[in-house]
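Below are two complexes that have chain A in common, paired first with chain B and then with chain C.
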Partner chain A sequence: MRGRLVLQYAVSAAVIVGAIALWELGVKTGYLKAYQFPPASRIAEGFVEIATTGFPTGITIWSHVLTTVTRILQGYLAALALAIPVGLVIGAFPLVNKMLEPVIVFCRSIATLSLLPLVIVWFGAGELTKVILIAYGCFWVMLSNVIAAVVYVDPVLIRAGRSFGLKGVALYREVVLPAALPRMFAGARMALGVGFMVIVGAEMIGTIEGLGALIMEARTFYRSEITIIGMLVIGVLGFVISTGLAALERVLLPWGATGEGARA
Partner chain B sequence: MNRERLTNIALPLIGTLIVVAVWEAASRLGAIDPRVFPGPVTAIAEAAGRLSADTVGEHMAWSLFRVFSGFALGVAAGVVIGVLAGWYRWFGLIARPLIELLRPIPPLAWIPLAIIWFGLGEPSKFFIIFLGAFFPVVTATYHGVTNVDPILVRAARTFGVGGWSLLARIVLPAASPDLATGIRIGWGLSFGVLVAAELIAADRGLGYMIMNERNTGGSVSVIIVGILLIGFLNLLTDAAIGSAIQRWIGRWHGSGV
Partner chain C sequence: MTVGREGHSQVGSGAATRVEAEPSAGSAIRISNVTKSFGAPGHGPTVLRTIDLTVRENEFVSLVGRSGCGKTTLLNIIAGLERPTSGTVEIHGRAVRGPGQGQGVVFQQHALFPWMTALRNVVFGFRDASLSKSDKQERARELLQLVGLSAAADKYPREMSGGMQQRVAIARALALDPEILLMDEPFGALDELTRIELQQELLRIWEARKKTVVFVTHSINEALALSDRVILLAPHPGRIERDLAIDLPRPRLRTDPRFIALHEEIWKGLSS
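After this line comes the complex of A and B, so read on.
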């Protein structure tokens, strides 16, 4: 079994290396245009440039990453700080939940980026606009997951808690909350995925800092290799964040394996 | 039973009305500045005055045409590649690493490259919407096909079913719940990507309509109505696709997903 896994990784690596080599060859022989398909060698040169002198000059890839991550975290944390208490309250009152359900579903189906023109009118094209958009996208995803987590707690657990004499707030704190945590965590993971989607789009307008701005700027200056580097960095960042959160979930909440379920 | 059904309809309705009423009241009473955030009545009246039904209809038709064609291409490609990768080992070995490598890149991050490859016209938009649907569908299809109960496949072989007919009559139906999940996620992504693509680089469509309104210093009302329209469109199409999938799967799996 282990041997087969190693073999599989070897084949995967060979396929990727082969694809890159073919690509390089395609450009060398002139079948692919270097501007449209910058080969690996150009991408490597571009990476050295962007890691040292930066693009646009002075802004290195590391500071682009830092800008993007800071924006995501600000919006994301604000959304969680708001969505968790609100969701816990709504979930505790079935009547309120039923009344607000259509509103929440509707707000969730508004494509976050469609709010961009409105938020620009309200707050200008600066930092705040980007943070608000991320917060909006994360908030509704988190909110509906928190509510669902509370509503779908196994009724057997609640009855068991009652027969041990728990009720009211104590029941909620001792039984409902721990049982709801795994689903809430899955929601938090999904929300981060949404925030990551939103930021790339939000950064394409009205800024030159951040990964979304980097790939768009690079295109206007005909530096397609820098666009590709930016895309790869975005991909790696997303991958690291999602696997990191999944690992964190296994450590923090060993009793509720939600597994691969929630990838947004 | 009847009472329960009544509250199931009445409560959401009352809740929605309360929220809309609070919004309207807040702008009427001056709690929020109606020039910046008009109430629903004002917004709709003002937008109706500035936009003709034809213009809105045309933008909406373009948006729907783009998202449906990109999505359909993405689903088709995702199903074909997912099935092949799951069914033929050698194809899976080649396709999987490439897919896994590109999958973590969000579709919006492809916009600049799509413009480099396809120019600023329609094809670049189709491509990005295509990607939004492709990755969830291909992953879900692969997962579904590789996790089909081997007993089903062996039973079918015993009855002399093989090759393509085994794939079409046993494997695909067995994988259909996974496929359905992938398609739902893919639709959501395609739609979100559509709006973003229209905001950033387009000259028609609902996303362009609201961005243009703000760039030309038009009215907030039009932007708000446009946003609500996009929301409703997403909600309706998602529900339609959901029920279509459910009917399709119901043929093999009894009730719902």
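After this line comes the complex of A and C, so read on.
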């Protein structure tokens, strides 16, 4: 059993290494153009450059990451701080929920980046605009998940709570709220994903710092390997943060619901 | 005892005899003329029509019937979780206006709070604000012991089998110290062996704690194994078809000829 698993990993690794080697070979022999398909060696060199002297010169990958993460967190946390209480209130009143649902679906459906020109007109091309765009994208995803989390609490749990004489605010606090937590958590994870999607677009305007800006700058100079590094770093960041959140969920909600069924 | 005068039955063996009681003396639940329909009056389907039923104190009564006969609705009305369209329900002479008037409810399944351990689920059942937290915990442990689950106090529901979960659910309902225990097919989702085990547990608890029990089931065997009285409900609209007193000593054997005769009797009542 164990041997088979090792073999599996070995094969996966061999496939990846083989693909990279073929790629490298393709560029060396001239079948692939390096500016279109920068080989692994170029990417590695690029990473050393960007980690030490920086790209554009003076801005290392670490400060790009820091800038991007800071922007995402600002927008994301603002969105959660707003979406959670608003969603809890809307979810508590079925009638209000019914009335607001079309508005929420409408707002959630607008691609966040399509708002970019308008937000720039309102708030300029500075930091605020980027944070607002992230917050917008995260907000609607979080809001609809908080509402759904409250609305779709298992009715049996509510009846059980009521059978002990609970009603109104006490019922909401003691039964509905804890029962809604897993789905709210799933919504929070999804909203963070949206933040990462929005950030790259938001950073393509009016800044030279941040991973999105890095990718745009690299494009201008045909430094495709830097673009790929930007992509990889965003991927790794998303993966690390998502894993961190999953671990946090296991600590905070040890009773083990996985919060499946949240929606984007 | 005003139930189903026409449906009143005597089995040839004499196993089922009518236990008459004064209407007022010791009646725990009195359901008078209860009708329940959904939707606008006179338009929606009528789930229950003119139900009259009196349950005596410490009596174990089962409601048996096909799906759609309104047995769960009737239970919910007694629990105060649903309001009847007309008619009244009284518990010990007080009109039922909602839950928490001495009714404890055990639901079919998955009604434990998944975010609480077994112990905390039972602690939740103690709604009495004058009890301190440690008092509640101590009593909750006693109740877990009563249902044979002392060792599982710190387990979450998802870590427990269906049988264990229903034991906790019974303990939680008992935490209210209810006069009346209402059970909605509590063992319906369990395998046969666990089910029989829990039936015996329930009888033991019922005898130890002296509760009035209303028990919804669609298993004739289960109703016969447990009850003092079996109420047969007929569907469309839900109404009381038969009211059978089960005058067999406990523990009851399914092979007992009187048990078989009663089973036959109920079977005929349900399939007619």
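Points to keep in mind about this one:
We adopt the following convention: the second predicted complex is superposed on the first by the 254 of 264 C-alpha atoms of A that agree within 3 Å, B and C clash if a C-alpha of one lies under 4 Å from a C-alpha of the other, contacts with A are read in each partner's own complex, and residues count from 1 in each chain.
Keep in mind that, in the parts below, a residue touches a chain if its C-beta (ideal position, glycine included) is under 8 Å from a C-beta of that chain, and two chains touch if they have at least 3 such contacts.
Owing to the predicted nature of the structure, the values given are computational and were not obtained by experimental measurement.
One of chain B and chain C touches more residues of chain A, and that partner is B. In the superposed model, A:G201 lies in contact with chain B only, and not with chain C. Contact with neither chain B nor chain C is seen for A:I20 once the two complexes are overlaid on the shared chain. In the overlay built on the shared chain, the residue A:A34 is in contact with neither chain B nor chain C. Of the two partner chains, chain B is the only one that A:M216 touches; chain C does not reach it. Comparing the two interfaces of chain A, the one with chain B and the one with chain C have no residue in common.
The touching residues of chain C, when paired with chain A in their complex, are 79, 81, 98-100, 103-105, 107-108, 110-116, 124-125, 127, 156-158, 173, 176. Residue ranges of chain A in contact with chain C, taken from their complex: 154, 156-157, 159-160, 162-167, 174-175, 178-179, 181, 253-257. By the touch criterion stated above, chain A contacts chain B in their complex at residues 8, 11-13, 15-16, 19, 35-36, 95, 98-103, 105-107, 109-118, 120-122, 196-197, 200-201, 204-205, 211-212, 215-216, 218-219, 224, 227-228, 230-232, 234-236, 238-239, 242, 264.
For chain B in complex with chain A, the touching residues are 7-8, 11-16, 18-19, 36-37, 93-94, 96-98, 100-102, 104-113, 115-117, 185, 189, 191-192, 194-196, 199-200, 206-207, 210-211, 213-214, 220, 223-224, 226-228, 230-232, 234-235, 238.
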